[in-house]
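Here's the structure, in structure tokens; my notes come after.
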Amino acid sequence: MAYPTATLDVIGLWVGWFLMLMIYSYPLYKENVAYRAAEHMFIGVTLAITIITNFSNVMRMCITPLTQGNILMIVPLVLGLLMFTMLIPEYRWLSRYPVALLVGAGFGLGIRGTIKPNLQDAIIDTITAPTGGAMIDWFNYLYVAVGLICSIMYFMLTFEHSGPLKAPTRIGRLFIMVGLGAYFGNTVLFRFTMLTGRAQYFLQVLKLIPM
Amino acid sequence: MAIIVEGRLMTFILMIIFFVLMYYFMSINKEQQYTIRAMPALQAIPEAVGRAAEMGRPVLWTPGISGALNNSSQGPQILAAISILEYLTEECVKAGVHLQAIVPLPDALPLIEETMRTAYLREGKPEEFNPDQITFISEQSPYLSATLGYMQRYEPASNIFVGGFYYESVVLGEAGNHIGAMQIGGTNNTHQMPFLVATCDYMLLAEELFAAGAAISQNRDMLGSIKGEDFMKVILVAITGVGFILGALNITIIADLLGM
Amino acid sequence: MSNVLKQEAVYAVTGIVTILMLVEYFFFADTQVWAETIRTWAVIIYNISLGLGAARLLISHSARVSKKGRDWQFSGLLLGLFAIMLLTGFAGYIMTGVQTNNGIYNWMFNYIYTPLGATLYPITGFYIFSAAYRAFRARNIDAALMLIAGCFVMLKNAPVGEAIWIGFATIGNWFQFTGQVPGMRTFAIVGALGLIAYGFRALLGKERGFYAGGGE
Amino acid sequence: MASGHYWVKSVDSTREAASKMSALSKLADIDRRVFYWILFIALMVPFLNPIGFPITIAPNTQDLYDGITGDQVDEGEVWIINFGYGVSAWSECHPAVTVCTKALFREGAKIIFIGPHYDVELTYNKLQDTCREDFATKEYGVDYVFLGYFTGGESVVAQLASDIASVFPQDHFGTPIGDIPMMDGVEDVHDIDGVLSSDTGDYGGHFMTQWQGPYGTKLAEVGIAMNGSTDLPRWQAGNFFGVSVGSRGGAELELLIGELGEATTAMDSISVSHLLLVLAIIIGNLGTITEKLGGKE
């Protein structure tokens, strides 16, 4: 993308650049008036965008089908409006119904969706032995199985981590720490890449590097 | 024609076994109380509230950006966080500490408000509850910026970060450290656990988040379900152990069965 | 009666919807219209629920402005920009069906909303730096393992790691592909068990805090 | 304050009486803002003076590339590319999505673009820019279509599997889906040959649970590096046929397709920042070790 030439776009680019500095004044210095202004601007603008987007979603998914004769769409409309009874003390309890439907859908999808990938596939992958004869593959096979068993034992909540459980749970905790460290290390790349993008933008707006 | 859809039979069997186990431990030996391993993160909640009372500062509770309640992975985490919120609110009411909730979840607002209101009512101080104790902010980044701003402007003595966190976890955790807050974290989002572990004093990892409600209440039936969970773990450990040995011998019966 | 409507019936709705989702999955190979309808309802309700949050937020900031409370000027800024964005967006939406078909809305979206969003997320880059600096300390064997795994993966991810020593890539890959697997899978497994158990307890009306202490 | 359970948090410098520490143990508690300034400046330097470290290809990236090129993709196949990232993550996800789009177009595949972020249109426009030459040879509505924004998370992903038109009755520009030639006969999961989800969140996971798991749809992930630890086991388990991890994955894909771009440029900054962090960690540990050995006065 080339550096903009239209006046409004150039102004916009600089507005964005200053907003970035206003936000970064928080970590680089401390909370201050500039940050507070940017924070409130962001909240206001985003709320408006979200309202319009959600409104158009409701129109598209509910009102339009309703006007086209899909009478069932009256149900989510009424349930959705029941949410607002939260603002009326005597009828506050009615807001539980739309929430109940959402929660039910969440639990249903959660229970049915979590067993296969998180239990079955995870264990199948753990107990599928390597096909080649390389020593490292067999070591990894052993490492993952032992690590998984010990780490699961660490999460035994109604058994004391003593006696026969003492050693495996202690080892399990070490496996967990390795996992957390690797996670952490992997995430650093992502976070730095994004900050790199901002550093690049900082220079681009100043025309120190091409856009 | 099979009743259960092909490829989902073992999922169904595992689910039923799990339900039966939980129900069994909830139903038997009604007079016997189960015990659950102490969770330092929960034990630390009164300390966190007490600290706020001593310092005359608020306590901040926030459930992360999570997702909608009908989101299969985030919805249950929000509910688990609300279970903790009830206990936290009661402790705050008892100690006369201001509790502030910053929430980016519009659909969970009724639950959160009702939970806090009920806790105030239960402690006999319904008039002290103010709906402004719950701040709603839409979307993730504005929510983060508002929470950061709140932290430095009001310097809460303790931060309770429990729920479905995403990228905000490390920012909130570090900003909390910057103001010297005591912090309790908890999430089932594996990709955020390292950051809450790194920045919080106490953590509820994965299953511990869901078990917190049972641990707080010490309700026998709820603890019975945790007992059932533990036996399910024993079964899974056994399957893994046997499967591992058979796998090494090139016998794949366990893996085949699990894949049914 | 009122207790039935206020509590039991609410649990029943949750339970029925949960069971319907499970029945659809286990007993029907393809998605069912009735289940899909419920999911669509859920999405619509979620979309409408934003109105409740928005009302709360706007009432709170309006009160702050009218009472000239703490930071009221910023609340005014928030309300002002909100109003401009909302009006221009709705103008575009009503006239053309797409909110972006309005110059002012588009300009504010592209040059206020987008840069702020693009700035907030990368702020994590700063905080992850200091989090790693403080957390990666070899105070005990647990923390040392976290430090070692983290550093090897970091040096594997950055091309400079391989340039310094090729072993960083090899060992870092091992941590990423194998070393972290037991911990990762354990979280997945116990998290799944916890989620299912929580759902089970909630459906039985046992979970404290759920629907405001329904288990009490 | 005890931290007996988990485990690694240390006290923050700004609240400590650093003046009472020895010089070395002060290293353990440098004010974070010092690092922030150094980091932000250090990230800029390679853009002004590129270094050019060599890059090797990870097997998960190779699998992804192989899965969208050669025999793996037939002409006329319909793929979905999900922009599960906003403008803030362009630097992380967009280079890889650019390469994937180029590769699929060059194999003759048709692409449906969708996204769950408000700024999805900006991302789509950016892709038009970064794949300018490939889009120039394709026709909108025939070879590709932009259905636009969707919301509702996993529920909507499940709904997409059963009826695409119920989620997207029209494309982003308001054209009814029935009037788009490419969408003729493309109704549900069975009409889609593959999905590439590029995420800062977990839409890849949603597609796995709702598409790949139940229907066996070919699925690959262009994830942010943070999601690598979640995505890679899914690749190992066969749920994803390939995974690109962060900007590094993007740089590898640029190398594979032979057209170096933004990710390759950013890799130098990544190297410098990672090196800086490792140095900071070493300095912090020097301080901690000094304290342990009694260096603290």
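The letters A, B, C and D name the chains in turn, as written, and every chain counts its residues from 1.
Operating definition for what follows: a residue touches a chain if its C-beta (ideal position, glycine included) is under 8 Å from a C-beta of that chain, and two chains touch if they have at least 3 such contacts.
Every value quoted in this text rests on a predicted model; they were computed, and no experiment measured them.
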- request: Looking only at C-beta pairs in contact, point me to the busier pair out of A-C and A-D.
  value: A-C
- line: The chain whose C-alpha centroid lies farthest from that of chain C is chain D
Chain nearest the overall Cα centroid: A
Geometric centre distance via CA averages, chain C-chain A, whole Å: 4
Message: Between chain A and chain D, what distance separates the C-alpha centroids? Give it in angstrom.
response: 13
Field: Distance from the mean Cα position of chain B to that of chain A, given in whole angstrom
entry: 16
- line: Residues of chain D that touch at least two other chains are 7-9, 12, 32, 36, 39-40, 88-90, 118, 151-152, 154-155, 158, 200, 209, 225-230, 233, 236, 245-246, 248, 270, 273-274, 277
Statement: Among all residues of chain A, those touching at least two other chains are 23-24, 26-28, 36, 38-39, 42-43, 46-47, 49-50, 53-54, 57, 83, 86, 96, 98-99, 101-103, 105, 107, 109-117, 119, 122-126, 148, 152, 155, 177, 179-184, 186-189, 191-192, 194-197
Residue list for chain B, restricted to those that touch at least two other chains: 8, 11, 15, 68-74, 76, 79, 107, 109-111, 114, 137-138, 141, 145, 153, 167, 170, 174, 177, 190-191, 193-195, 197-199, 205-208, 211, 226, 229, 233, 236
Message: Per the contact definition, I'd like the list of chain D residues that touch chain C in the complex.
response: 7-10, 12, 28, 30, 32, 35-36, 39-40, 53-56, 58, 86-90, 118-119, 121-122, 151-152, 155-156, 158-159, 161-163, 166, 173-174, 200, 225, 228-230, 232-233, 236, 245-246, 248, 251, 267-268, 270-275, 277-278, 280-281, 284-285, 288-289
Field: chain A partner contacts - residues on chain B that touch it in the complex
entry: 8, 10-11, 14-15, 34-37, 68-76, 79, 107-111, 113-114, 137-139, 141-142, 145-146, 148-149, 152-153, 170, 190-191, 193-195, 197-198, 206-208, 211, 223, 226-227, 229-230, 233, 236-237, 239-241, 243-244, 246-248, 250, 252, 254-255, 258-259
Field: Residue numbers on chain A that touch chain D, as the complex places them
entry: 1, 24, 27-29, 49-50, 53-54, 57, 60, 64, 105, 109, 113, 116-117, 121-122, 124-125, 177, 179, 182-183, 186-197, 199-200, 202-203, 208-209
- prompt: Taking the complex as given, what residues does chain A use to touch chain B?
  reply: 23, 26, 30-31, 35-36, 38-39, 42-43, 46-47, 50, 83, 86, 92, 95-96, 98-99, 101-103, 105-107, 109-116, 119-120, 123-124, 126-129, 141, 145, 148-149, 152-153, 155-161, 180-181, 183-184, 187, 191
Query: Within the complex, which stretch of chain D touches chain B?
result: 1-9, 12, 14-15, 32, 88, 152-155, 200-202, 205, 209, 214, 226-227, 229-230
